[in-house]
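Here is the structure we will look at, set down as structure tokens.
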Amino acid sequence: MNAVWFLVLSAFIFCIGAAGVIARRNPLVILLCLELMLNAGNLALISFSRMLGNREGQVFALIVMVVAACEVVVGLGLIVAMYRRRLPLDVDEVRELRG
Amino acid sequence: MPDATGLELIAAEVRERLGGEAVVGTMYHRGQATLDVAPAAVRDAIAFLKDHADEPYELLMSVHGCDYFPEEPRLAVHYQLLAMQRTDRLGVRTRMGADDARVPSVVDLFPGADFQEREVFDMFGVVFDGHPDLRRILMPEDYEGYPQRRDFPMGGEPVLFTFNEHEMPRWYD
Amino acid sequence: MTRLPLASVSFVESTGVQIVKAVVIFAFVLVVVPMILLLERKLLGRFQARLGPNRVGPYGLLQPLADVLKLLSKERFTPSTAVPWMMAMAPAISIFTAVVTLAIIPFGDVRRHGLFGASYGLYGIDVSIGILWAFAFGALAFYGLMLGGWASGSKYSFLGAMRSAAQLISYEVSLGLSLVGVVITAGSLSLTQIVNSQDHIWYVVPQFVGFCIFMVAAFAETNRPPFDLPEADAEIVAGYNTEFGGMRFGSFFMAEYINMVAIAGIATAMFLGGWHGPGPGWLDPIWVLVKMFGFIVLFIWIRATLPRLRYDQLMAFGWKILLPLATVNALVTAILVAT
Amino acid sequence: MLLEQVLFFVAAAGAIGGALGVVLLRNPFFSVLALVAHLISLALLFLLLRAEFIAAAQLVVYAGAVMVLYVFVVAYVGGVEETVGGEGAIGRVGPVFAGALLVELCIAIIGSALPAIDSRGPHVAAGFGSPGAIGKLLLEKFLIPFEAASFLLLVAAVGAVVLARRRRGLEDSVG
Amino acid sequence: MTDRPLDVPYREREQSVSLERMPGRQAPVYGTEIEPETELFTINMGPHHPATHGVLRLLLTLEGEIVRSLTPIIGYVHTGIEKSCEDQAYWKVIPFVERMDYLAYYFNAQAFCMAVERLVDEEVPPRAQYLRVIHLELNRIASHLFWLGTSALDLGAISLLWYALRDREKILDIFEMSSGQRLHPRYFQVGGVVEDIPPGFEQKVRAFLPDMASRIDQYEAILDRNEILLQRLKHVGQVPLETLLGLGVTGPLLRAAGHPWDLRKAMPYSSYDHFDFKIPIGTQGDHYDRYRVRMAEMRESLKIVEQALDGLPEGPYITDNRKIALPPRHELATSMEALIHHFKLVTEGFRVPPGEVYVAIESPRGELGCFIVADGSAKPARVHMRDPSFVNLQMLRHMAEGRLIADLVAGVAMLDPILGGIDR
């Protein structure tokens, strides 16, 4: 398979993720859509790596995974904290910064 | 066991504390002493016996009901008190008619009376005033009647099998 | 015959051979699980001062067949609160992930087994990621239990699913770390190479601590007693498979036993020297089977002996004892190997 | 048709289906499951790209740990259903914006002048994506990103603990 | 708790043996500090559940794995035995009451027979009393063995069930020898026992005693050194002694909390005062003490059985009061009077003078009281059993609330409720 296929697929996934981030209001789903976008990036990185025949893209995909894991942990922590305080799980309604 | 004289002494003490009409009578039979108490006074009498200065009966072992059917007043609630230190038992009985079957609850004195009072209510229809959760315990919640009363027929319950469920209209209600 | 375009494997075989191997592994599963089932029931019977199954067939040998027929003939029911398609999927996931793990267990070396002029590896596939393969599919096995529990729409199932999830996560870390020592010593992730590097000494000796941690974590990962909390019958009825009946339950059941076989195989390869043993080369697979058999008997023995842990004890044990121990073990091994 | 192409299209369909499922399904639990399916498909694609270690890491880290966290949180907060798109301009702008982005990206990729982009890439050795090779690269050439990533993980772990901790004092004021 | 003054005659008689251990505190449970307003969910444990020992239904409110509140719901095996008894002649009541607490059937029969004997003022011959003691104590061992097996099963140790049942079978064999029945033998009669023990009975029991003693050693070897089991039992489910007394809890549960109350010592019946035995008591009142107390009780029961066999007096096995007990078979052929008595007893039963008594004995689960009202006819006007399981069940809430489900299961196991006794 030519690398262009993978790149187009990656673009598709990225755009679906972006649409989700904009359109959905549940913070959980928004986090999931962010994951989609990061994974699209990973796919692009790895296909470039394969295309160029060097492994550095894969290394960066790994690091992106680490970043994604961190983002998830913090994001889910926020969601749990929101739930505990009886805040609505809706990003449109949680507008104020308060402790 | 308090002997017959001891029982009279206890009865006198209870009378002295709670008034003359609190104790209806005493009963000494086969070495067992039972104090007959008026229904309204039963909680006070048991509280008095529980915290008796010299001879406390600190445990309530059993609460059970009884139906002396042809006799009146027909219903009774029995309390079996136990003094562990002196290995001594004392029965307290209260009798009432079926229409005004109300007794003050002793759950606040003896938490263990909870289930047993519910059983008496379930089986005899004696209402325990002040019981925290007076519901049927052994029979189904929607059961009607008090099965252990003597005028409740024996064997009156139809048994539901699959072969005869059509003969029992609205059995599922 | 083209080759699968997938990940590189250190010994590459044609697709046809791979398919044959897949069939062989599946047949192996189908044969070995009923045997373990019978073995467990017979052994438990002996442990418990009774006979065990002895009515169906000679010495009760046909008992597994009777069990399977009984399960097959059972009604398939779905609670009204359930998600039916997910309930159908969950046992399949469990079985799939369990069988796939078997693929990497080596029964013999590649060089020594020639047939029709070619040489074949006595394993399903020898991937360069090696033991990570098992962990990858072990991670997916979580979804079988979780979906099964969640989709049943029953509170007991849900409790069981949450328990199993927490347990799998907690002990997978220890399981992985306990193997790090072996991987460092062998210098490879591939199971065949690890076995090959145990030429002189089995890793159970230098890596004894790792072996103990691995065994404990393996009991937890396979939900076997004393870590059978996800299906603790006394507490949450049957945990995640409460609402499953017939062959769906059978699938979960089978997955548990396949997992047991897989863990026994991994332990054999990682710690007990795999196919190494006295005797001629054709004895290699036999040695592996004998060692696996030993592990399976151990699993059964433990089940007959030990009571069940409590949930908080399980968590505390996993995180506060096993994990630090495994970490220290990995660190010490790394330092020893580096110097 | 080559086996490789079949696999690619199957995996690509899975990836796109999973991604659409994440965005379109209303119950967050199903969204999470859709993402799991998406991740597994991606792992298959990584295998096709000879990145087997990344594929395994994808399964172990993403499907095995990160998504389990999601499942726990969804089970904890319960499935909060919501309408997709919803009211307001943003709900309608989102897909339009994403479509525009997609067109632009496709033009950029297909119209790119990069010569290698339409090739299968050079032939690589068997151990191209093996753990050993990646690990070597990670520890020799990319040590600082590696360390930074591990530090980030530590910070995130501490942050998550702080976030999810119960603070009784503050609880009352928020109500 | 244990140092309350017991300076009464009972203190001198009770001879309690304490299972002394290091004082400890309640074992910590991780996660119990979860705040109350988080999600609770309600679950029905039972009536069909593997660990509720019958058809006990527990309405649990859970917070994750932690039991926040617990309501026992009973009545699923309510068969109206007390009501049925009112329609039976006195001697026909015995098989009914035996079916209440179906693991301690001899005790039910003993309580009922003692109450009737009290009402008719009938003395039981010494040999019958000793025979009763032998059967009662063997039954206590059998009951505790069943408890041991099912409790271990609830804790996850599956094998012990089979070991315990294997030994219980031997006791049932002994019962079968004396009465022809293994369960619900109707061996005790008003005024004595049905029949004298057959030849070979004594040898069989004597062979059983050392065997059983070594078995108890084995079980303790399996369980006492098992770290998992100790972790599950020690410092779990402690209930203050005051609460126990307020609830009217008796039996091993009370003794495990350090209160040496045993009716066999306190108010001896059936010549229990002839035997030398000790009352095992615990110190902590946790599950481990409950387990230890029951194990020690089995040993004491073995001692009692051995003493009863040694001192088994000669004499009649049932009272010779022809108005109450059936005449011997051989008299029927020769004596007209015996035939009449036989006929009257079998068709109508004996009449009991009016009166009411409450008699209590020490069953394996605590005080088993029998309350009988006689109205002068051949049928009791009221039979009530104060079943220890019924009263002790109220303690479960105090044991289990605020702890994990696994502790609740252990609590139910250590409570040893018999639903036949609870629901009657």
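Here are some notes:
Letters A, B, C, D and E mark the chains in the order given here, with residues in each chain numbered from 1 onward.
The working rule: a contact is a pair of C-beta atoms (placed from the backbone, for glycine too) under 8 Å apart; a residue touches a chain by one contact, two chains touch by 3 or more.
A quick note: this is a predicted structure, and the numbers were derived from the prediction, not measured.
Note on connectivity: the fewest steps through touching chains from chain C to chain E is 1. Two chain pairs, C-D and B-E, are weighed by contacting C-beta pairs, with B-E ahead. Spacing of chain B relative to chain E, judged by their CA centroids, is 24 angstrom. Note: centroid distance chain D to chain E, computed from Cα atoms, is 63 Å. Averaged C-alpha coordinates give centres for chain A and chain C that are 33 Å from one another.
Chain D has its Cα centroid 70 Å from the Cα centroid of chain B. Touching of two or more other chains is recorded for no residue of chain C.
Multi-chain contact residues, meaning those touching two or more other chains, do not occur anywhere in chain E. Those residues of chain C that touch chain D in the shared complex are 2, 4-10, 12, 15, 127-129, 132-133, 135-140, 142-143, 146-147, 150, 158, 162, 165, 169, 172, 188-189.
Interface residues of chain C facing chain E in the complex, by the touch rule stated above, are 44, 47-50, 155-156, 159, 163, 225-226, 228, 232-237, 303-313, 315-316. Interface residues of chain D, counted against chain C in their complex, comprise 2-4, 7, 29, 33, 36, 40, 43, 47-48, 50, 52-53, 55-57, 59-60, 63-65, 68, 71-72, 75, 125-132. Residues 1-9, 11-26, 28-29, 31-33, 35-36, 39, 42-43, 46-47, 49-53, 55-56, 58-63, 65-74, 76-81, 83-86, 89-90, 92, 98-99 of chain A touch chain D in their complex. Of all residues in chain D, only 4-5, 8, 12, 15-16, 19-20, 22-23, 28, 31-32, 35, 38-39, 42, 45-46, 48-51, 53-54, 57-58, 61-62, 65-66, 69-70, 73-74, 76-77, 80, 82, 84-86, 88, 90-91, 93-95, 97-99, 101-102, 105-106, 109-110, 116-124, 128-129, 133-134, 137-138, 141-142, 145-146, 149-150, 152-153, 155-157, 159-164, 166, 170-171, 173-175 touch chain A in the complex they form.
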